[in-house]
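These notes open a run of structures that come right after.
You will see chain A twice below: alongside chain B first, and alongside chain C after that.
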Partner chain A sequence: MPEHLKTFEHKKRNWVGKPLKRKEDLRLLTGRGTFMDDIRLPDMKHAATLRSPYPHAWIKGINVSEALNFPGVRGILTGEDVAKMSNPFPVGVPVPPKYYCCAIDKVRFVGEPVAVVVADDRYVAEDALDLITVDYEPLPVVMDIEEAMSPEAPVLHDNIGSNIYSHRFFQYGDMDKAYKEADLVVKGKFHFPKYGSTPIETYGVIASYNPFSEEFVIYNNYQGPFVNHSLVAIALGIPENKMRWIVPTDIGGGFGTKTGLYPSIALIALAAKKTGMTVKWIEDRREHLLASATGTDRVTYMEAAVKKDGTILGLKDKAIDNTGGYIRAPEPGCAYRSTGNHTGGYQIRNLDREVLVVGTNKCLTAPNRGYTCQELYFSLERMIDLVASELGMDTAEIRFKNFIQPDQFPYTTATGGIYDAGDYQKVFQMALDKIDYKKMREEQRKAREQGRLMGIGFSTVVDPSVTNIAYVTLALTPEERAKGHPKSGSGEAVIIKMDPLGKVHVIACTNPQGQGHDTVISQIVADELGVHPDDVTVSNVVDTHDRVYSITTGSYSSRFSSVVTTAVVTAARRLTEKMLKIAAHLLEANVKELEIQEGKICVKGSPDKSMQMRHVAGTAHWNQAALPEGMDAGLYETCLYTMPTSQPPDELDRVNSSNTYGFMAEAIVVEVDPETGEVKILKWASVHDAGTILNPALLEGQVMGSCAHGLGGSLYEEWAYDENGQCITASFQDYLVPTAMEVPKIDIGHVEIPSPITALGSKGAGESSCMSVPACIGNAIADALAPLGVTISELPLSPNKIWHLIQKAKKKR
Partner chain B sequence: MAGRRRITVKVNGVEYEREVDPKRLLVDFLRDDLELIGTHVGCEHGFCGACTVLFNGRSIRSCLMFAVQADGAEIMTVEGLAGDGKLHPLQEAFREHHALQCGFCTPGMLMVAYELLRDNPDPTEEEVRLAIAGVLCRCTGYKQIIDAVIAAAPKMRGK
Partner chain C sequence: MKPSAFEYFTASTVAEAISLLERYEDEAKIIAGGQSLVPMMNFRVAQPEVLIDINGIKELDYIRQEDDEIVIGALTRERDVELSPLVQEKCPILAEAISLIGHASIRTRGTIGGSLVHADPAAEIPVAIYGLDAKMKVVGPSGERTLEPEEFFLSYLTTSLEPSEILVEVRIPVLPQKTGWSFVELTRRRGDFYIVAVASILFMGKGGVCKEARICLGGVGPTSIRAEEAEEILAGQVITDALIEKAGQKAAEAADPESDYHASAEYRRDMTRVFVQRGLAEARNRAKGG
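On to the complex of A and B.
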C-alpha cells in the first residue's frame, strides 16, 4: 500500500457477520415491492418501439400517416425528430460514431429503434407499429470480429472510415527479455462468446416534460453509474439539473445489463417532449433479447514465455472486442477495465498488449456481471493449462508455482493494480481439498482406462471490485491524456440521521437490485451506534434531485461491500463524534473521558455521570440552544467516500483500475458423454476470499447466483446470429438460461483475508464466479477430451459443439 | 369499445366483475384492472414463469391466457398467501433461507412451490427442482430456493 494511504483497524463486531434476515423480504414476498412497471402516474400514455428488421440498411423513408390516424395513437417520434431534438452520445474514443438514441438514416443492427408510437394503451401502440412503413435499402453485413477489421469489410460508420473504434498498444516490463530468457513459448487463440444476463425484469422508463420549466422527470430502472446521467443530459442538450431521474425501490435484477438502459431513457424522454405527454415504456422480452445489451465477444491471441520449471516470465496478447453496431459508454471500457489485474493472481512482470475494439452488425454492449474478466480469464486460465500440458506439469502445481505469495501483499502488478490483501495458496488449497484432488486424479486414471472422458479443471482468479473511473482514459495515449481532463474516483454517499426519539434512519443511494444493501447497512450501523438493527431504517432509492450521490454511484463493479460500507462506517463515526461532543458539553466532561455503553454515554469510572443516547439526540433536535457553541443543530452526518487508491493512470499507462481485489478458486470435475457430447458436472468447489464476510447468507446467494450465471455462459447462453445478421435467440426458448435442473450442487468455501483499505475489511463478491467459471469449465472439458486430442478454445460448450469437436478429432486420427 | 365482455373472477377469495377487451391478457387484467401488481411479467411468451398464478388450483402462466378465459374461475396470486399481517410458512421459509434477491421471480416461485407442497407434502430435492424448473431466476442460482421449499414442507404439513 502506498504509505500515505489510510488503512483501517478492524475490530470484532456484533451484527456484521451474522446471517440476518433481510428487511427487503417483507415487501418482496408479499407482492408489495415497487418495480418499474408498478409505477402508474396520472394520465400516463404508453409507448411501443418500432425496431429494424435489418442488420445493416439505409433508411430511405418512413411513412407514419396511417399509424397516426389509428384510433388511440397520440403521436409518433422518428429518427428525423431525434436528429433535430438531440445530439449523439459522447463516448471516449478518438473518433466517436454518431450514436443517437434512435436510427437516423441508417440502421446497424437488428432491433435498433427506428420510431416510437405513443398511444392510450400498449395494445394500441403495438398494433399501430404494424401501420408504419419504412423503406429500407439493405447493405452488406459484417458479423465476424476479425473480418470486421479487414479493408474489404463493409464499413458501418463513414465518419470513422473503418470498423475499428479503439486501438492501443501497451508495454509493461520487458517482454523482449522474457522471450530471451524463456525455454519455450506457448501460443493459443481463444474466442469468447457474446452473452448477456437477461434480468427477469426488463428495461422500463416513464418520462414527462414540462415545456414551461423545460424540465424532464424520468422514472427508470437504471442501475448506475450515474456518469450516464450527464451523458443523457448532453444528448438531450439540457443542463443536468433540468433532468430528474427517479429509480423505484426495487429493480428486478441488473447484473450490468441495466447500465445499457440510458439510450432508451433519452428516447422515451424525446417521445414525451414531442407529444407533451407522460409516456411509459416497458421493454418486452423480444426487444430485450434483440437490442438491450450483452457483454462483448472477444478474440484473443496469447503467447506465454515460460521456463522449463513452469515459471511464466511474460505474456503477449492481442485482444479484439466487439461492441456491435455502435460504441457507447462505458465502452471502450471492455478493453481497459481489467488492466490492473491483467496478469491475474500470478507474478508475471512482463506484458505486451495490443487491444482493439471493433464494430459489427450486432446488438450493443454493456458490462455483464464480471465485466470482461470472464473474457480475460478464459484466455489466461486456458493458457496456464496449455503451458502445463506442454511441460507435462500438473495444472494445480503450475498455479502454485506462479502465485503471488502471501507476504508480498500489498502487491503492485506490472500494470499498476494494487492488490490489497490475499492468500491465494490457502484459497486454492481449500478448493483442492474440497474435491479431494488426489483421489479425483486417481479416478480419472481409472475412468480413462475404461474409455470414459473425465476431466478436472481449475481457475484461480483475482476478483477486482470498485471500479476506478480512471481506467476509461486508457483509450487515449499518455500524450492525448495530458491534453485532456484527468478522471479518477470511485465515490459513494450516505447520510445517517438520528431522530429526536433516538432511532436511526439511513439515506443511501446504492440503487440495489436484490443484493440486500438495506439489511447490511442496518447491521453496520447497529454495530457502530450500539443500537439494534431493527432500530435502523434505510431509504435506498435514487432520485437525482434529492439524494446525495457521486458520479460513480450505482450498483456495479461489486462496489457496495468495499466503498459503501466504508462510507456508512465513516458517517456513523462522525455521528458518534458529534454525540460525544454534545454529551461532554452537557455532562461537563472531556470527550476523551466518555464511552458508549448499551445506549448510554457515560463518563468512564463514574457510573452516575451518564446520559441516554436518545436524550443526546433529543437535545440536538429540541433544545438547540444547549448545544456547544458553533455546532450545527440536529443529528445528520454525511459521507461521500472515495477510495484513495483511485488515481489516474501514470505516463506508462499503469493504473489501479479497481480498488479492492478478492480471489477465487474454482475446481470442477466433469464427465463428457462421447456419444452425445453432453457434459455432466460431478463435483464443483468454489472458494472465495471476499475479505470480511458481512452477511453469510447474502454472500452465499451472491456466489450461487454468479456460479449459475458463469455456468450459463459456459454451456448454454449465446446471443447468436446467422450469417445474414439475424439474431436467432430472441426468445427464452432459444436463449437458454439455466433452470433449477441445470445448476448442480456446489461446495462453497470462504477464506477471509480482510482488506486493510476498507472500514470493515470486506471486498467485492457479487460478480465473482461469473469471471472464473467459464475458464474452469473450459479447462475441465479440455482435460476430459485431452485423450482424443481435442482442444477447447471457445464457448459455450453445447453438446452439439462438443460432439462436432470430437468427430473432427476422430477424423484427424 | 365494441366486443367488450363482462367477466366474473374470484381472486384471492374476492369476487370481481369487470368488462374486458377479448384481447386483454390475464396478467394485464390482474395487474392493471385489479391492481394486483404482485404478479410480474418477465417475458410475455410463456418461458420465464414470473407471471405464474394458480387457476382453479393449478399453476398457469397468466401471460399465455386471456382475461375472458378466466370468466367464472378462481385465481390465487402472491397477494393471497399471507394473512392477518403474518407471512405464510412458505414465505417465512423463503425469508429464513434467503431464497430471494431481487424478488422479481419470487411471486412465480412461491406459486409453484405452494402447489407442489399442497400436492406432495414431502417432496425430494429432485421433485422440488423439477417443480420450480419452469420459473427462471437470474439471481439466486436456485439453491436457497430449494432449501426453503424443503424446509417449508414440514411446516405446511403441520398447518
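On to the complex of A and C.
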C-alpha cells in the first residue's frame, strides 16, 4: 500500500452488523413516500415530448401551428428554440458530437426528443403531439457495432467524420514477452447485449424559471454524480449558482439509469423558460424503453497467452463499445471505468488493450449497475473457461492457479488498480462447497450418459466500488492530459449535529433509491456516539443550494458503504472530539482522561466526575460563554471525505479507477432442454466479500437484486432493434425483466475481509452479482452444450437463440 | 401513454348495451375487464371515441351446467372460471388454460368474453375453446345467433361480431369422464404471451382406444387452428409413443407461424411438434388415470 494511504483500525461494534429493519419501510410500505410524481407545485403545467419515429433522418421542417391552437396548450419548444437557448453538452472525447437536449436538424435514434408541448394536463399535451407535423428526410442507418467503423457506413456526425467517438491503445507490462513464453494462445470473440435497469420509477423533472433572478429551480430524481449539474449549467449557458436542483426524499430505483436523466433536466428547464410556466414531465414507460439510457453493448476480441500448466501470462484485447446516436458524459467512461480491475482476480501482469467507442442509431447509454464490468467479465471469464477447455483443465482449478494470493494484498494490478484486501480462494471455495462441486461433476457425467445437457459454470470476479473520477481522463493520451486540468476524487459530504436536548441529526446527500442508507447511517452514528439508532434522524436529499455536497456526490458505483460510511464516522468522531473538549473544560479534566459510557462522559477511574452528554450538548447551545476559549458555539461537524487512493492516472496510463475492491464467486448449475433450448437453473451459489457487513438484511437484498439483474442480462433482457433501426422492445411485453417466478433459490454466502482504507472495513456491494452472473450463466450453458459442439459468445440466451445454436451445430456434424 | 379523449357510457342490461352500440357502431368499444383494451388505448393503438362499460351487467356473470354443457356468462371473471369447482370437474382443461393467463391480478379483472372478442392469437382461452368445440352466443338488434369457433374467429384480433352485436355467453360441452386432456405452452416468462400453446383432448373408447382426438394449436397463425391431420392419426387407435411422435410431426406441418423477436418461424414450427408430443403424452397419461 502506498505510504500516503490512510488506514483505519476496526473495532468491535454494537449496532453495525445487526440486521436492523429499515427506518424507511413504514413510510414506503404505507404509500407515504415522496417520489417525483408526488410533488405538485402551484400552477404547474404538464409536458409531453414528441419523439423521433426515425432512427436517422434530417428534419426539414416542423409545423406546430395547429398544436399551438389546441385548447389547453400553453407553449411548444422545438429544436430551433433549443439551438438558440442552449449549448451542446461537453463530453470528454477529442471531437465531441453536438449533443443538445433535443434534436436540432437531424435525429439519430428512435425516441430522440424533437419537440416539447406544455399544456394544462398530460392528456392534452399528448393530444397536441399528434397535431405537430415534422418533415423528415430519412437517411440510411447503421445498427451494428463493427459495421459502424466501416468507411462505407453512414456517418452520424459530420463534424467527427466517422462513427468513432474514442479510440486508444494501452500497453501494460510486456505482452510480446508473454507471447514468446506462452505454450499456446487462445482466442475468443464475445458480444455483450445492450440492456438496462428499468427502475420502477421513471425519470421525472419539474422546472421553473424566475426571469427576475434569472434562476432555475428544478426538482428531479437524479441519482448523481453531481458533476452533471455543472454540465447542465454549461448547456444552459448559466452560472451553476443560478440553477438549484432539489431531489425528493424517495427515488424509486436508479441502478445507474438515472445518471442519464440530466439532458431531460435541461430540456424541461428550457420548456419552462420559454413558456414562463412551472413545467412537470414524468417519463412514461414507452419513453423510458425507447430513449432513457442503457448500458453499452460491446464486441470484444480477446487473446490469452498461456502456459501448459494453466498460468495466464498475458491478455490482448480489443473492445468496441457503442454509445448510440451521441456520446454523453460520463461516457466514454464505459471503455475506461474498469481499467484498474481489467485483469480481474488474477495475477496477469501483461496486457495490450485497444479501446474503441463508436456510435450507431440506437438509444444512448449511461452507467448500468456494474458499469461495464459485466461486459468485461463476460469476455474475461468466458476466456478463462475457453483456456481450461483447450488445456483439458478443470474450470475451478484454473481459477485457483491464477488467483492473486491472500498474502499479496494490498495488490497493485498491471493497470494501476490498488486492491485493498481479499481472500479469493476462500470465497471461491465456499461457492464450490455450497453447490457440492465434486458431486455435481459426477451427476453431470451421468446426465451426459443419458443424453441430458447439464452444465456447471463459475465466475470469480473483483467487484470495484467508489469510482475515482480520474479514470474518465484516460480517453486522452498522457500528453493530452498533461496539457489539460487533471481530475481525481471520490468525495462525499456529511454533516452531523447534536441538538440542545442531546439527539442527533445527520444530513447526507446520497439520494437513496431504496438502499436503506438512513438506517445504516443511524447504526453507525449510534456506535460512534453511544446513542440508540432511534435517537438518530437522517435527512438525505440533495438540494444544491442548501446542502454541502461534492461534485462526486450521489449513489452510484456502490459508494455508500465505503466512502459515505467513512465520512459519517469521521464527522461523528469530530463531534465526539469537540464534546470531549467541552466536557474536559467543564469537568476540569484532561481530554485524554475521558471516556464515553452509556450517554455519559466520565473521567476514567472517577465515577463521580461525569456529565450527561445531553448536558454537554445543552452547554454548547445554551451557555456559550461556558465553552473553552476560541471554540465555536453549537455542535455541528462536517466531513467531506475523499478516498486518498483516488489519484489521477500516471504517465503510463495506470489508474486506480475505483477505491475499494470486493470479490465474488458465482457457481451455477444448469440443465438445458435439448428440444426447446430452455434453461433451468438447478443450483446457484453466490458468495461475496464486501468487507465488514454493515447490515446483513440490507446486504441480502442487494445481492438478491443484483443476481436477478444479472439473470435478466443473461437470459431475458435486451434493448433490441430491427435492421431498420426500430426498437422492438419498447414495452414490458417484449422487454423481459425477470420476475419472482424466474428467479430460482440462491444460496448466498459471505466472507468478511475488511478493507483497511475504510473506517468500518466495508467495501461496496450494491452492484455485485450483476457483473458476475452473465459470465457465470454463459459458462454454465456453454458447459452444458459442450457435448454438442456449441460455443457461447453472446447473450441473452433465449430458448430461441439456444435452439438455433443447437441446430447449427447439428448441421455441422 | 395517455389515451385520447373518449365518451364514456355505462350499460346495466344487454339491451342497453346494444342500443348504445346501434347508436355509435364502429366508433364504440365495449370495455369489460380492460386488460388488453386499456393498454392499447394508452399506447393509442386503439382510439375509440366511445367506451361502453358493461361491468354493470350483472346478468352476464354466471357459471352453470345446463344438460351436457357448461354455460358461462361473458362477463365472468377469468379467475372465477379458473377456480370454479364445476369447471375444474367438468371442463378442467379450461381451468388449466386460464391459470396460465398473465398473473392472478390480471385474471381477477379480465373476463372470458373479453378474451374471446379480443381474439389475440397468443391468448389461452381461444385455444381451449377451439379444442372444446364450444359455442359463442352473440346478441344483436335483430336477435341472437350461436357461432362455432371457426365461424367466430376470423383473423388476428378480428371476430365475426357485427358492430352492434355483443357476446353474451359461452357454451362448452362437458368432457366425459376419463377423457385425456392437457394444455401446455412455451413462454419466455411465467404469464407471458406464449410462443406456442397446445390443447389436446383425447376422447377414449373401450380397450384403451382413442375414439376422437382434438389437437388445437395457438401461436402459429392468425387464429388458433385444429391440427386435423394429426388428429386423424390418433383417432381409433391405441395411442403409442410412435403415434404421438408422428402426430407431432404432422401438427408441425399444419402450423403456419411467423417470426418475431422472441421466436423465429422455424423455432415456432419445431416447438409445435415438441409441445404437441409433450401435450399428447400428458393427455394420454390422464386418460389412463395417471
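A few remarks follow.
Keep in mind that, in the parts below, the second predicted complex is superposed on the first by the 813 of 813 C-alpha atoms of A that agree within 3 Å, B and C clash if a C-alpha of one lies under 4 Å from a C-alpha of the other, contacts with A are read in each partner's own complex, and residues count from 1 in each chain.
Basically, contacts are C-beta pairs under 8 Å (C-beta built on N, C-alpha and C of every residue); 3 or more make two chains touch, one makes a residue touch a chain.
What you see is a predicted model, and the numbers here were worked out from it, not measured in a lab.
Touch criterion met: A:Asp284 reaches chain B and chain C at once.
Contact with neither chain B nor chain C is seen for A:Gly310 once the two complexes are overlaid on the shared chain. When the two complexes are overlaid on their common chain A, residue A:Gly260 makes contact with neither chain B nor chain C.
Once chain A of one complex is fitted onto chain A of the other, the partner contacts of A:Val743 are limited to chain B, with no touch recorded for chain C.
Once the two complexes are overlaid on the shared chain, A:Gly324 sits clear of chain B and of chain C alike. In the superposition on chain A, A:Gly701 contacts chain B only, with no contact to chain C.
In the superposed pair of complexes, A:Gln733 makes contact with chain B and with chain C alike.
More residues of chain A are in touch with B than with the other of chain B and chain C.
Of the two partner chains placed by superposition, only chain C is touched by A:Ser798; chain B is not.
Touch criterion met: A:Asp37 reaches chain B, while chain C stays clear of it.
Contacts of chain A with chain B, set against its contacts with chain C after fitting on chain A, overlap at residues 123, 284-286, 731, 733, 739, 741.
Contacts from chain C toward chain A in the complex involve residues 1-5, 43-44, 186, 188-193, 195, 261-264, 266-267, 270-271, 274.
Within the complex formed with chain C, the chain A residues making contact are 122-123, 126-127, 130, 284-286, 675-676, 678, 716, 720, 728-729, 731, 733-734, 736, 738-739, 741-742, 798-800, 803-804, 807.
Residue ranges on chain B touching chain A, taken from their complex, read 21, 23-24, 31, 36-45, 47-48, 50, 77-79, 81-82, 87, 91, 94-98, 100-107, 110, 128-130, 132-134, 136-146. Every residue of chain A that touches chain B in the complex is listed here, in rising order: 19, 21-22, 24-33, 35, 37-38, 123, 197-202, 250-253, 255, 282, 284-286, 513-516, 697-698, 700-701, 704-709, 731-733, 737, 739-741, 743, 745-746.
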